[in-house]
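Structure provided below as structure tokens; questions to follow.
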Amino acid sequence: MARFLKDRAKAKGLAPGSLVFIGKQKMDVPVIQLMQYDSENLSEEEFSSIEDVAKKIKPEGVNWINIYGIHDLEMMNNLGTQFNIPLLLLEDMLNTDQRPKYEDIEAHDAFILKMLQHEKPTDLIHAEQITIILGENYLLTLQEKRGDVFTHVRERIRKNKGRVRLNDNDYLAYALIDTIVDNYTILIENLGAKVEDLEDRIFSNQDTKIIEEIYRFKTELNYLRKTVRPVKEVIYALLKTENSYFQDKNKVFLKDLYDLVVQATDAIELYNSLVADQLNIYNTNANNRLNEVMKVLTIFASIFIPLTFIAGVYGMNFKYIPELDFKSSYPIFWGVVGVIIVGLLYFFKRKKWL
Amino acid sequence: MARFLKDRAKAKGLAPGSLVFIGKQKMDVPVIQLMQYDSENLSEEEFSSIEDVAKKIKPEGVNWINIYGIHDLEMMNNLGTQFNIPLLLLEDMLNTDQRPKYEDIEAHDAFILKMLQHEKPTDLIHAEQITIILGENYLLTLQEKRGDVFTHVRERIRKNKGRVRLNDNDYLAYALIDTIVDNYTILIENLGAKVEDLEDRIFSNQDTKIIEEIYRFKTELNYLRKTVRPVKEVIYALLKTENSYFQDKNKVFLKDLYDLVVQATDAIELYNSLVADQLNIYNTNANNRLNEVMKVLTIFASIFIPLTFIAGVYGMNFKYIPELDFKSSYPIFWGVVGVIIVGLLYFFKRKKWL
Amino acid sequence: MARFLKDRAKAKGLAPGSLVFIGKQKMDVPVIQLMQYDSENLSEEEFSSIEDVAKKIKPEGVNWINIYGIHDLEMMNNLGTQFNIPLLLLEDMLNTDQRPKYEDIEAHDAFILKMLQHEKPTDLIHAEQITIILGENYLLTLQEKRGDVFTHVRERIRKNKGRVRLNDNDYLAYALIDTIVDNYTILIENLGAKVEDLEDRIFSNQDTKIIEEIYRFKTELNYLRKTVRPVKEVIYALLKTENSYFQDKNKVFLKDLYDLVVQATDAIELYNSLVADQLNIYNTNANNRLNEVMKVLTIFASIFIPLTFIAGVYGMNFKYIPELDFKSSYPIFWGVVGVIIVGLLYFFKRKKWL
Amino acid sequence: MARFLKDRAKAKGLAPGSLVFIGKQKMDVPVIQLMQYDSENLSEEEFSSIEDVAKKIKPEGVNWINIYGIHDLEMMNNLGTQFNIPLLLLEDMLNTDQRPKYEDIEAHDAFILKMLQHEKPTDLIHAEQITIILGENYLLTLQEKRGDVFTHVRERIRKNKGRVRLNDNDYLAYALIDTIVDNYTILIENLGAKVEDLEDRIFSNQDTKIIEEIYRFKTELNYLRKTVRPVKEVIYALLKTENSYFQDKNKVFLKDLYDLVVQATDAIELYNSLVADQLNIYNTNANNRLNEVMKVLTIFASIFIPLTFIAGVYGMNFKYIPELDFKSSYPIFWGVVGVIIVGLLYFFKRKKWL
Amino acid sequence: MARFLKDRAKAKGLAPGSLVFIGKQKMDVPVIQLMQYDSENLSEEEFSSIEDVAKKIKPEGVNWINIYGIHDLEMMNNLGTQFNIPLLLLEDMLNTDQRPKYEDIEAHDAFILKMLQHEKPTDLIHAEQITIILGENYLLTLQEKRGDVFTHVRERIRKNKGRVRLNDNDYLAYALIDTIVDNYTILIENLGAKVEDLEDRIFSNQDTKIIEEIYRFKTELNYLRKTVRPVKEVIYALLKTENSYFQDKNKVFLKDLYDLVVQATDAIELYNSLVADQLNIYNTNANNRLNEVMKVLTIFASIFIPLTFIAGVYGMNFKYIPELDFKSSYPIFWGVVGVIIVGLLYFFKRKKWL
């Protein structure tokens, strides 16, 4: 089953900018949540239509609109109209296989990012696409699946912990992106720990299961790289732009975030080369074991095959084999056997096979 | 058969700029189609000479001239004269092995691109060269083979779907390029799905057919990379130029297109490293299987070859072998055999070969 | 056990900028040391609170505050308040898995670096994080573990050797970083010497222990690269910035330091490719040895298995085997055996197996 | 024999700028040819001294001086004096192992390039160095061996085909370089076709000759890369310079030439990775075949070695072997043999070796 | 023994800029030589102290001071004082493991470079460090070992050959560096010729010595790369700087030198990939030979092991084996043997093992 690419063929032949949801529907009915707060007040509400929520937006304080269930094309169309979001961006949001990107288009800072999590039952890492749109006095977040990535941020808002209640929409956007990226590093760390654990098994064991794990880790690292690397470009582009809604006082947070993404990509490359090394070493070990197996076979066969031939000779039923009648033939036979064995053992010893 | 390079030797010794068709003729007679439209009107006509179609071009609205059968050098010469297309560009158009490129020369934006499709009967990906020339009030598209790449766009024009009827020549050029690039991603996706499907077979099976498939996928990915990577430069150059006929309001579409090409090249690299990993893992598995085979051989041979020797000893016809007359020799023989078997099994157990 | 990444999961869900110590506590109680000197005077004192030491800072001369035991979050909070250090930087200092970096934020030059040393009992290289903060008239150094990296510098200050007493805070910062980087090159050199020593063993021996060492060296080089490479960026950024407290007259030292880091990273890459070559050569040697083993087996088996068959034939008990009664059968048998042996030996000789 | 580097040791210890011919002399006596033309007139002459030819140069039209036999140091010295060519450039021209380069020195555009051709009897690609010097009103071409690279251009001049007679010296220089580069692409194409032809043999055959061919192709591609890659820099430098004699109207040809070189280097890399893939696949196939061989051996040996042991047991001459006297022993023996064979075949079947 | 890194640990704990000689002392007493010349006059003298030689420097003409035996720290200190050379540079000069570099510090152009030569008795390439300091009216060259690298240049000065007597200090500096770099290319060429010679042995022979040579060549190429690559940066930095003492008229020589270094590094990479290819091919050949060995074994064993079993059956001493009494048993036995042999040979033929 294709994990790396989604069913893009669906969109074939459509005009650019035509809305089509590429991905797997995970909600029956979309959910629209509005969270409004400033340093003193906080209110939370749920809506079923974009128009309703749009009316509620206040010019002051933070207006965070969170939407689950982006497969609903009508709602998305409304969203475009109400929030003045260009069609192309809507199209990108709906293609859940979109490469992570940042765009400052028509009075919006738009981020398309991936939220990573382990998926049941395979336990493979899986990406869920999240769009974050920062407008002049609101912040929009959109994804298909109801997830828990924002739970921690919401708690901090509700309990008024950290700096989030003291700041504006842009800080909230930063806090969300930071949560997403932070999650990357935790996943990489978990994977990395498993990779480092392989180390011992490569030397002590010879189980072949290890190969499946190495392959899986390589695939997971590929998947992580595909997801995380573009985020570096995203944050870099954001840091360089001068049109974004991010206030200068918050740029220091973005710089810190950038360092975190760099660290994450560095770690991915590090583990990648670690796994590659492990595979190499595993192969070398396998070769060494094959060498050992073949040495045992060669030593056994090279000693006993000639001896069996000699025994065979004197098992022949020729009428005239003079040795058969000698009294000392049998002890001499054993003597010859002994000499051959000792000679070959010495030969193998000199070859360092023993 | 050379799939990667065409018969360039044909052009050897010709002056630069001499017209010669390098490739395979696929049409008997060229076809010249004119499609004229604006937001309200639409007309379609076929012509047999360039002069005729040139006269019909209107200063207003979109004039799309589509030509199949570029092998007709006389027609191409006429084209150069009528539309003021420099000889060098004509030469490039006729060399169907031309690297994809963009040029803004003498009042034209010219694109040479590749349309990819699976070719019968090998099912290999095959490139068909397409030239798109954007002039002040017309758009020229040229290819050798009558294909269906533009069908979807034509339908959208006829049924007035999407934005294409509301826009000018430059938007049409964008829509065509977008169709071509979109097609790349679908091909990559198909190939990628096959690559991901290999995964299971690598572990469960030991069929050697898999190697042929891996090699084929590697070759296809090389072919795709050769075709797609230059398109990145093409779109980038287009985005950077200030002389193109592309209106600023349409630059956002080009930016989106650029992202799509980046995603396509990323995917090619991803699948490339996936296939390389699979080949590595396949080899490691093959080594492991060889190890197992050799262990079985070694265990069987190392146990039974010495035993056969002992049996051979007592099959000898020496007159004086005292053991032959002992009553208990035969049971003792089996005892020794048992001890040897158990001893060797223990030895192999300790070596973890069992 | 994960050596490459620390337990970052601890910080999950915390607001960015929340203080949490990620790493292993190595001190019971923090130690705060103040060293004050100029070209003529020198005093050293220990404190238990940040407030106390902050009061003692003189506007003239060098004020070097060294802190061991950064796990004490209260102390770190005080530090932030007293020295006006932003929360984000404090957070980075406390994450002992932070990528080395340089920042010139709010009237500080801040460096997060790694001190490398061999750790008991594994003898593996281990990184201890050091933060160096250069303020207008003080220098702060912070780490968790009481180490000896600064001993040499302290001795030079006490004994008034070298240039350190004649210079300001910025020179002291340089001297400390130089000590750290110098230590890298010594570690790399030690590792490199071991790598070069492998050379002979790869050819003369066939011990399999060598594989474990090669793997270990690869891992150590990965670890070194992860630590040293970012330092290049650190020094480069420092050289390019115009806001740092480093005086222009001291820039020449930074330039020299940069060259040293470049040399260190070059050496890491060099040893990396050396180890990779050694592994390749080891594998090739192992293959050659397998070839030799198999040749011995093949020669023995191919000669004696047919001979044993012939002997077996005349050991058969058929009533009517005419050869059994011929007088010359036995010598003819040996003649045939001789011909077969010589023939096969010639065959193997011609194949160059002998 | 060294094909990649020429005997540079000859020049050891000489002052920079001392003239010495590094390479193989291929002409007895130098040949100096002058071709003069404009759009209407054409004359061709041969000379034996540089002085004579220098006098004949006309200020108008194209003066093309072509020299074979650059080993003649006296002539080269004269050339330097008459055409004001700096010593260093003369030195470079005489070193036939010079890396391709472009220089605009002292009123000359100088190109040192390589003409590639298959050499008898090895059929290996071989480079012949060509120097092209474009002065204000003349064009100099120099090489050691009388070759046919310019034949096509000369024919076009004589027959007044193409644009060459209508243009100046700079166009002639372009036409010559274009001919050289065009020749690269043909060589690459030929090599590429052979590489692609290997494909089938890798799977269907097991001939070991294929390895020699793969190695030869890799070496040829290295040789091509060494020759072609610097030409990219040459043309790029020429495009960027503002001092060259190339007229702006001809820059479009240079741009086209640049695209051609890029395509050539792309193709070299493509074939390089194709050959590397083929070698990998070949190795994998060889491993698979070894696996198959070993399975056959293991199956035969594992079945018949135990059986031979049993037969050996009942061939023993012990006096008291009760089974020997049982009437049903022989059929039972065959029964046991049958059971063992079936059992092992089932065992191997389950292991998927059959 | 560590060849790649020198005993840097010696300098541990020293203040930056402390003088310590890192390397192997090769002279008992330092030698200080002064060569003074202009286009007409030439004088040579030897001194034992820096002060003496400093007094002799004339404001006109070239003053070349050459020093052997830099281990003498007192002399080096004097040198620093007399010629105003900063401590850091002295420190770098004394560290014979310094990475090649160029610095224009305090009225000097300083170059630290490596002179390469084959060392007895191992014949390995070995680097000797050379420092070249170009001041306003003098040129200093320093190395530890009395070598012959400058012999050719000195001869040219004495015999007034080439341009060197007509030019200033900067041209002399260029001539020396050119000599050093020229020497690189000769060494690379020699090594390259040996690498190319391996080619035939890889196919015709199966000697295992070849592996040791391949490893040695790889190591030598690593060593060369480490030495030569930084020189590219050195010359590039020199070309870009505007503060150097190099006169503009001599820049053309530097440009030529740069091309030479590029050619040298290109050649190193070329040979590196050639050696890597050779190792790959060698391994593939070894695998093919193993395949062949195993086929021989398998064919012999698979044919004769079953036959031996059959012979064994009729060697059994069971009382009731009906076949034993048939008259035609023996010829039938041979018939069966013939059928089995022919059958198996056909089987192996069909598998293409014969």
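Chains: A, B, C, D and E, in written order; residue numbering restarts at 1 for each.
Keep in mind that, in the parts below, a residue touches a chain if its C-beta (ideal position, glycine included) is under 8 Å from a C-beta of that chain, and two chains touch if they have at least 3 such contacts.
This structure is a prediction, so every number in the text was calculated from the model and none was measured.
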Touching subunit B and also subunit C, the following chains: A
Touching both subunit C and subunit D (chains): E
Same-site or different-site touching of subunit D by its copy subunit E, using the half cut: different
Whole-Å gap separating subunit B and subunit D, where each centre is the average of the chain's CA atoms: 25
Subunit B and subunit E: spacing of chain centres that average the CA atoms, whole Å: 41
Multi-chain contact sites of subunit E, meaning residues that touch two or more partners: 283, 287, 290, 294, 297, 301, 305, 308, 312, 315-317, 321
Graph class of chain-chain contacts, one of line, ring, star, complete, other: ring
Sequence of chains encountered when the ring is traversed from subunit D in the direction of subunit E: D, E, C, A, B
Subunit C residues touching subunit A - in the complex, by the definition given at the top: 1-9, 11-18, 86, 88, 92, 98-99, 101, 103, 105, 206, 208, 211-212, 214-215, 218-219, 222, 226, 279, 282-283, 286-287, 289-290, 292-294, 296-297, 300-301, 304-305, 307-308, 311-312, 314-317, 321, 323-327, 329-330, 333
Touching residues on subunit B, where the partner in the complex is subunit A: 151-152, 155-156, 161-164, 174-175, 178-179, 182-183, 185-186, 188-189, 192-193, 196-197, 199, 202-203, 252-253, 255-256, 259, 262-263, 266-267, 270-271, 273-274, 277-278, 280-281, 283-285, 287-288, 290-291, 294-295, 297-298, 301-302, 305-306, 308-309, 312-313, 315-322, 351-353
